[in-house]
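Chain nomenclature is as follows: A, B, C and D, assigned in order of appearance, with residue numbering initiated at 1 for each chain independently.
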Amino acid sequence: MDDMYREVILDHYKHPRNYGKLEPADISYEDDNPLCGDRIRIDIRLDENDRVKEAAFSGKGCAISQASASMLTEEILGKSLDEIKQIGKEQILELLGIELGPTRLKCALLSLKVLKAGAYGITDADN
Amino acid sequence: MDDMYREVILDHYKHPRNYGKLEPADISYEDDNPLCGDRIRIDIRLDENDRVKEAAFSGKGCAISQASASMLTEEILGKSLDEIKQIGKEQILELLGIELGPTRLKCALLSLKVLKAGAYGITDADN
Amino acid sequence: MTDSLDLSNLRADFPVLAREIKPGVPLVYLDSTATSQKPAAVIEAMNNYYRLSNANIHRGVHTLAEEATALYEGARERIAKFINAKSAQEIVYTRNTTESINLVAYSWGRANIKAGDVIVITEMEHHSNIVPWQMLAAEKNARLVVIPVTDDGELNLSRFESILEMGPKIVCLTHMSNVLGTINPVAQIAEKAHAVRALVLVDGAQSVPHLPVDTQSLGADFLAFSAHKMCGPTGIGVLWGRKELLEAMPPFLGGGDMIRRVTLTEFRVNDLPHKFEAGTPAIAEAVGFGAAIDYLVSAGMGAVSGHEREIIAYALDRLEEVPGVKVYGPRAERKGGVAAFTLDGVHPHDIAQILDTRGIAVRAGHHCAMPLHERFGLPATARASFYLYNTQAEVDRLVDGLYEVKKLFA
Amino acid sequence: MTDSLDLSNLRADFPVLAREIKPGVPLVYLDSTATSQKPAAVIEAMNNYYRLSNANIHRGVHTLAEEATALYEGARERIAKFINAKSAQEIVYTRNTTESINLVAYSWGRANIKAGDVIVITEMEHHSNIVPWQMLAAEKNARLVVIPVTDDGELNLSRFESILEMGPKIVCLTHMSNVLGTINPVAQIAEKAHAVRALVLVDGAQSVPHLPVDTQSLGADFLAFSAHKMCGPTGIGVLWGRKELLEAMPPFLGGGDMIRRVTLTEFRVNDLPHKFEAGTPAIAEAVGFGAAIDYLVSAGMGAVSGHEREIIAYALDRLEEVPGVKVYGPRAERKGGVAAFTLDGVHPHDIAQILDTRGIAVRAGHHCAMPLHERFGLPATARASFYLYNTQAEVDRLVDGLYEVKKLFA
């Protein structure tokens, strides 16, 4: 009903894809948005060509951050790390299909931030 | 011509009464208005009844501060120290015969401030 | 509705309340704890200042400078009267509550706090009344001790009693919590603090706008508040302090107007309150603040707080009827017009966002009170807050909106 | 008049210029160095903000909060562009130039200045660029060394060379003197300072409003300026600093918005520029500042400074024709639109007061530059200062007024 919460977002929020943890994983990263307390962890397993074979997310937060994480774990299947590094803000917004103000943008982009930190091999969650 | 500089003020400024120093004096006090650099000293000699026998002022500054000092040295002749302590802001403004904004008020009242500090026997010029 | 507040007329005083968020969707502004809306009289006062009298103050001899000075200092007099200060010299203009508290932490704090000294804050403080004391404590190796909050959202006063035995130097507490709405018993706390010779700094950011506050009976030594939360403009706040204390404190910021005399080797400070007002101050904002004070005085602070008591009572009743809603803090009788709440299964950000599409402005997050949220195990809450211009009909729209949120997330 | 400034239209942009001081006596505002007048566009921008979008910024999810945040941050972007900053993160909002300088003295200064270190200022500084360094030097037992001013009102650069041999940590100087109008060779001084690894803080209170200033060629490490002197509102100023420096500096004021996270035992600072913006900032004022920047950009800073060069040249010619008038500072080619002067036998306060009765607003006093006045053996000067809206006809009225003053005091 509200543009802001298109069916697809609520669907991903209520029925998150790839929710859970992969242990062991090739790449794991976790971070939060201190403004709202949202916290997201993403785990990735790579195939022999270093492409994403499996991806999972866990954590909790608002519909926007959870839905974007859920969509992202679907989106990156089969992608190489280099391809992941190319993913931009616009793609996430396209996936969500909505416009967001600066505050909610941070929610929407949290999972991308976590994913990229993982892809770049950053290990300290605090920066 | 300008209300602000009634004849009488300009007259006192151009022809100050009791200008100079009394040495020795029974009471001497000096202070300044740091905002404009005006500086005034007042010297007083008392008679056997502790009334003002002679008064003089020195220093330099704007027409308002000089004229009010000049008028004040005339005004206090024959007055006791207690009577001097009673002199208020209104009396000075009456002598000057003009209205003044807050900044110029400080110029007008500098001589009164100096006179009273002297009458109260304050000796530190700094406060 | 109280008799003394004529709401329909009063709402017309606030231009923004006529705003529609989308065509046909009028604004329901329930975020006054973050910042209040401004009556036209306040906006116009600043307008007129800029259009007629704008000049730099003090030392100016020309007409505009004298007018600006009179307006700036006249506002100070009215603020002093509003909180029943003994003298306008006790009113120091700052940018906001935050700067007021920092001023004390820097000036009084750096001069008086030594290694091992105890500084007391509470668990319900806004970050602005936490971080300055953390910085001071870290610098001086002092101890920061915290009065905890009970499950009901009140200060744990028996713990306070034992903290007093540590001989604290200063007790810093909020008069009214910006999350729980709790109104703290400042006079009682101050009496005990003074008995062990501790000073008391009161964060009045939420109390001065909403309750009658009288500095001569409050018991505080310092009181900090912001114009923007009380119908006034952004960019200006006040530190009130007892004159003897302010006089004994070293200056904070150095520069124009805070000095009497400067040579290349030294300076001598100016009289209060100018000693603490370095540089060109927020002149237009002081003018606007003065107009805000006039506005609140004519509404009557008793009427304002009475109105808020009624509306929060109504709001708590209605909110608690929504299944899954939980409101934090004390019961209506013991708090101001703030309702921070959660709704099961829906993140506060989502609540706020969906309410916004219906024109309803509430805040979501930690409201700059992270330790308090941690105390209640919450990452965030949604918060509806009320002021003199809010109505029960607006509470109804909020509750309707929450039912819609539930439906969407069902 | 320069081609690019259409003065008759431009004057109409400033409502206060239509003011009459007494019936039939129009205002001649010659005090822009103290504070400038504001165009209607600036006043209206703040008006609209309060009437339509007023809300607290950051973290707000509702429409008003998002609008307010966009307006607040949008202004920062335009300010960054105006001084050609590398990034808007280098723009820290403060109250005014004075607070900007104090921020550096407190944050950078307390972290970097040790006993015996040398801090350099100049003899022509405003108190705001003297007192913060005196306070820092006193606290840290550092040495404050002063670049003297020549009889022509310029910095004594050979003395500066020998001061450099003392290995100073920071050189703090004004870009343009608010009394003499002297425009200092900042790039040249900065190059020499940087060669001995000293930082350079530039007081841009008078330059940013009047000259094109490009932080990428200026040579400064910090630049401080105030909105109210450049067509903007009171209550807001800027500290620009090189990002690496700002990033390395500890926070200044503690509170809301300057943190990322707070627990009862510690806090973590937020990213630039928020790290230095504690508490609810001057939001409406940022909006007004943005509008002022737009106004100056559309007038063109080249045109503004060209206009002022012409008017000061004309003013100096006309003033010097009045017997007994002495103007201080360099010749017109080497200075901005400021003429501080004395008139034999008449105190500057009397000059200003009599001019005021003719509608002419000039300032009298030490203009917060006591050491400079002492240098020239003057307790005070009268000062006429010009901005984009002033005309040669106004200079003529000033000169006529001075002849009247002379007649009165003859």
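A few points about this structure:
Keep in mind that, in the parts below, contacts are C-beta pairs under 8 Å (C-beta built on N, C-alpha and C of every residue); 3 or more make two chains touch, one makes a residue touch a chain.
Here the structure is a predicted model, which means the values were calculated and not measured.
Averaging C-alpha coordinates per chain and comparing to subunit C, the farthest chain turns out to be B.
Centre-to-centre, using mean CA coordinates, subunit A is 47 Å away from subunit D.
Averaged C-alpha coordinates put the centre of subunit B at 38 Å from the centre of subunit D. Distance from the subunit A centre to the subunit B centre is 79 Å, each centre being the mean of its Cα atoms.
For subunit B, the set of residues that touch two or more other chains comprises 34-35, 103-104. In subunit C, the residues that reach two or more other chains under the touch definition are 59-61, 65, 261, 349, 353, 364-365, 370.
The list of touching chain pairs reads A-C, A-D, B-C, B-D, C-D. Every residue of subunit A that touches subunit C in the complex is listed here, in rising order: 1-5, 10, 13-14, 34-38, 61-64, 103-104, 107. Residues 34-35, 101-104, 126 of subunit B touch subunit C in their complex.
Residue ranges of subunit D in contact with subunit C, taken from their complex: 15-16, 19, 21, 27, 29, 31, 34-35, 37-38, 42-43, 46-47, 50-56, 59-65, 95-99, 101-102, 105-106, 123, 126-132, 134-135, 144, 146, 226, 228, 233-237, 251, 253-259, 261-267, 278-285, 349, 352-353, 355-356, 360-365, 368, 370-371, 374. Interface of subunit D with subunit A (complex): residues 58-61, 65-66, 69-70, 73, 260-261, 268. Within the complex formed with subunit B, the residues of subunit D that make contact are 346-350, 353-354, 357, 364-366, 370, 373, 378-380, 408-409.
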